[in-house]
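In the two complexes below, subunit A is the common chain; its partner is subunit B in one and subunit C in the other.
Our next item is the complex of A and B:
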């Protein structure tokens, strides 16, 4: 950012009296807000009007040959032109490169993320995490905002569980099955000693120092120092790659300030994570707003097989209100990634028809029953028809197995009778919905 | 691997607070405005300076100061194994170049040369640890050789920390210990730190010790650089039949 000479002089003069242009004291930080995505892969950080978002994309792929049992972390920092007039689109700027290097240094090289825990099958399949940091709005102190958002995203991120199937592999190549969040709760990363940074701007010949500079202050500053402290309150990294000189004693003082601020920020971040965890768990419980309470899980019929029984019995099927998102990340994998979502739906309604009402859902359930009666047993291996997208809401997976037992499928009971029972239950439910 | 023996010797026989052998030569390329080689142990760097001269593009130049540009390159044979991968290396190279550039921008009195450009060329012949520090030292010598006025002498050195011992001027073998590493570039007379980069987790008290050692190291290097420049000038004076006290 370029500022006029008058602006610069004004900022410097005000700082001589310990006044900053936004009314803060020299060692006050701006308000930091962290918003975590419910799909467990992103975090948005705002510091004043600086906004940075980080999204993590897991990719299951072969490991690098020199490290066969380690996953990788790849960082990318996008300084998009919409964030500031300084940034050009397209190729990486010097600042963007330095950011990537910093993220690599403090999150990858310092082993803050346990990369061996990202290994699925040594030498064959590991998780590669693409950490994409995007600057949405540049109002100063990008370093702190980028690192905080990357750390928050890593903390909230959960990778899908993977099942390894070695039994039916004649060729010695094991098949891996990525389980959707609906089937198995995704796992968090194992993280140690996460780093948080604090940036200071130096003015004049280094005589005044402020914390968490805005972009105008950065433009007027004669140097910037970033100190990164981890949760162990060890110094993780110091960056002072440019600008006016500073006595080493001053650096000691800044280290102390940075360490205090990092522990405060980590405290806040953990609180946000806890709240997020609570809301995540509560949003996993799915119920109709309009559905009567007594029609709980048991009367919601037939839906699912417990995941463990999948291989033993039939292709499972599932009916649920919101599962549009559950399969989309995993289902488009490679061949040997197998089925993205093993819990599938058997329903023969026309594809592409949006299912939104309860009546339509009842139709689905009916269809599913029909399928069991007619073809389900004889066509166990037939590929089930994917359920049309029901809603655009992001799916939050079921963690627990359904409470319905489906022993009518096991053969020793009379399926006809069971199905009739269920059909009755369905009809009553429909009536209640219509009422 | 044991990096410090119980007797307090390092793998190459140095004491923890000992620099490797310093060697430098000023004015090695007659066609350049300024040039110098700087060796510290097995690390060898050549630096050249062209300028100050009129900036290549008016868009980049500044009306109140000279701009400094730095072209950094590392020979393919510089490190232990011949360099193959390029992608990540280039990002590292870009960062090294920008660090050297910023260190010199802060040292040269750039405001004396508005609209001008000063080109630095850095070539690393052998990389055996403390490469960036060697580049800064070599660049400083070359700039001095070009007769460009500077605010102060800048000198750089690294300090590592292995086996609870701060080690001055770590070499490549010691870098493989993956301990914390501090690079300090100091304006030796003003006692001001221009570049401080630290990598790897270390507790603040230890870092304080490392910083102190680095400061002493920088001053020792600075003294050597000053001595070498004086000798160079004296030799020139003698050749030209001038007398210098």
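Our next item is the complex of A and C:
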């Protein structure tokens, strides 16, 4: 993006007075909102006008021959021309490729996702996850938005359970059965670490710094630094591709800021996930049609018909069957659809959004105006808005409802605990070697 | 087409018959085809008293149209003209003589990155868009290089609103307490200058946020923002 000299000079002049062009202080971030998809496979992040969405597509297929018991993670970043006129459609831009490399570096090469857990049948069937990051609107700081949305999507993602059936196959080829979420609860991924990035723009000779730059600030900056920190405040990566140099003391200061912001963002993200999980669980509770609708999960709850019609509500289990061997060995009775076709388990998104009453809408609008008036700097502390969660959205800042308290993050799959265990194991191993 | 009632049209919709006699001026988003006036983008058709028809939509891109006032950035300096980015699909050209008082010997000294406020005099899909910094009378009339200040991209809908008569409530409300200068381009850009950087930022934010507010809400917004700035000054 090129900006006019007037804007460049104005940004520098205003920064000398600690003013940024959107009214923030140099170390204020824009409000971050995470919206999770109901089908547990997507997350949309918005930071100011920047919006990025990530969708994960699981594909059950043969593993790579060199890693027979590991699934794969494939990243794709689409910088579509819809997001900004500076992006060209059709092929990967340099910025897009850089983003893919960054995601690969911090999520795949750092073994953030346990890929062995994606193995279904060693040497035959593993899950391949396509992580598609799409930029919907570019208003600066795409790095943070893309990584946050990818992490949020990986955290919310649930892969379907697979049943392996070896008994009724004659030639020793196991058959796999992908179970519908209605039959068996899909499983979360096991994540060893959750990296989040913080981007800073440097101005002048690096003496003035702003956090979470807008696209104009990025264009006027003399350098951009991205620091990626995980939940244990370990530095995962520092990216500084070009621009002015910065002294080590400055880097250490930025690392401190980045680690604070990452833990803040992670806290918010976990809250959103908890709300999402609670609404997901309550949606599975079958309710009588006359029962009062519960806020937070309205559109997803299943309404029961009156008792005399109950037979109509019994839904047949939908099983998707697939042959785990090669395509030729498929029995003739199989559906054409399943031959050699990877099963794509994306549940359709929810039906309509419940219409909130006019009074609530008016209240919300009033609150929204208040929200605007308070300006960017106090947005994070803005009073919670009492609006029924419109089913599709679980936004940071909305009131948390007293719902089923789920310690889902504290279970066996606690990533921090896993890392701690790993560390302990390593330490004991080191001691053994030394002995 | 009735000018009072709002009607939403999509690309390809016929909005009026071409009259047998007289003159119709066609603005942005409207083309004449098969003796009909058709829209080429989604929006609301509008009409002025002197029979100019255009469609008004919300878009971040700009399709150049003759007669539009635009704000552009000089991206290249050539011997006879400046190449100016006006946010359209291609850059526009601005002749070095298309300034008030400009001669072969006395050319305006514009460099890459400078902002100019200009008028579109020629727009065609197959050739370069041409700009001028002159009124029809040959005077500058407000057009020309913009010195200092800051430009923002506000989108076509908001810039149309700001150019409307009577002036948009946000501009009058801001004018009551602050001294500022503003230029609005129909290409969805505007330029703001004020004595202090803080006021420029405040004005830009007030204008951007006022887009979906009613008049009373706008006044409240401006009041809160200015009082907040006063508090900052005192503190």
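Of note:
The criterion applied here is as follows: the second predicted complex is superposed on the first by the 285 of 435 C-alpha atoms of A that agree within 3 Å, B and C clash if a C-alpha of one lies under 4 Å from a C-alpha of the other, contacts with A are read in each partner's own complex, and residues count from 1 in each chain.
As a working rule, a residue touches a chain if its C-beta (ideal position, glycine included) is under 8 Å from a C-beta of that chain, and two chains touch if they have at least 3 such contacts.
Not measured: the values here are computed from a predicted model.
By the touch criterion defined above, A:17 lies against subunit C but remains apart from subunit B after alignment on the C-alpha atoms of chain A.
When both complexes are overlaid on chain A, the residue A:7 reaches subunit C alone and has no touch with subunit B. In the superposed pair of complexes, A:431 makes contact with neither subunit B nor subunit C.
Shared-chain residue A:234: touches subunit B; no touch with subunit C.
Set against each other, subunit B and subunit C touch different numbers of residues in subunit A, with B touching more.
In the superposition on chain A, A:85 makes contact with subunit C only, not with subunit B. Of the two partner chains placed around the shared chain by superposition, neither subunit B nor subunit C is touched by A:31. On the side of subunit B, the complex with subunit A involves touching residues 91-92, 94-95, 98-99, 102, 105-106, 182, 186-187, 190-204, 207-208, 211-212, 215.
On the subunit C side of its complex with subunit A, the touching residues are 60-61, 73, 75, 85, 87, 111-115, 146-152, 191, 197-198, 200-202, 204-205, 209, 213, 217, 220-221, 224-225, 228. Note for the complex: subunit A touches subunit B at residues 94, 97-98, 100-101, 105, 109-110, 193, 206, 225, 230, 232-248, 251-252, 255-256, 259.
Listed in rising order, the residues of subunit A touching subunit C in the complex are 2-11, 13-14, 17, 19-23, 85, 369, 372-373, 375.
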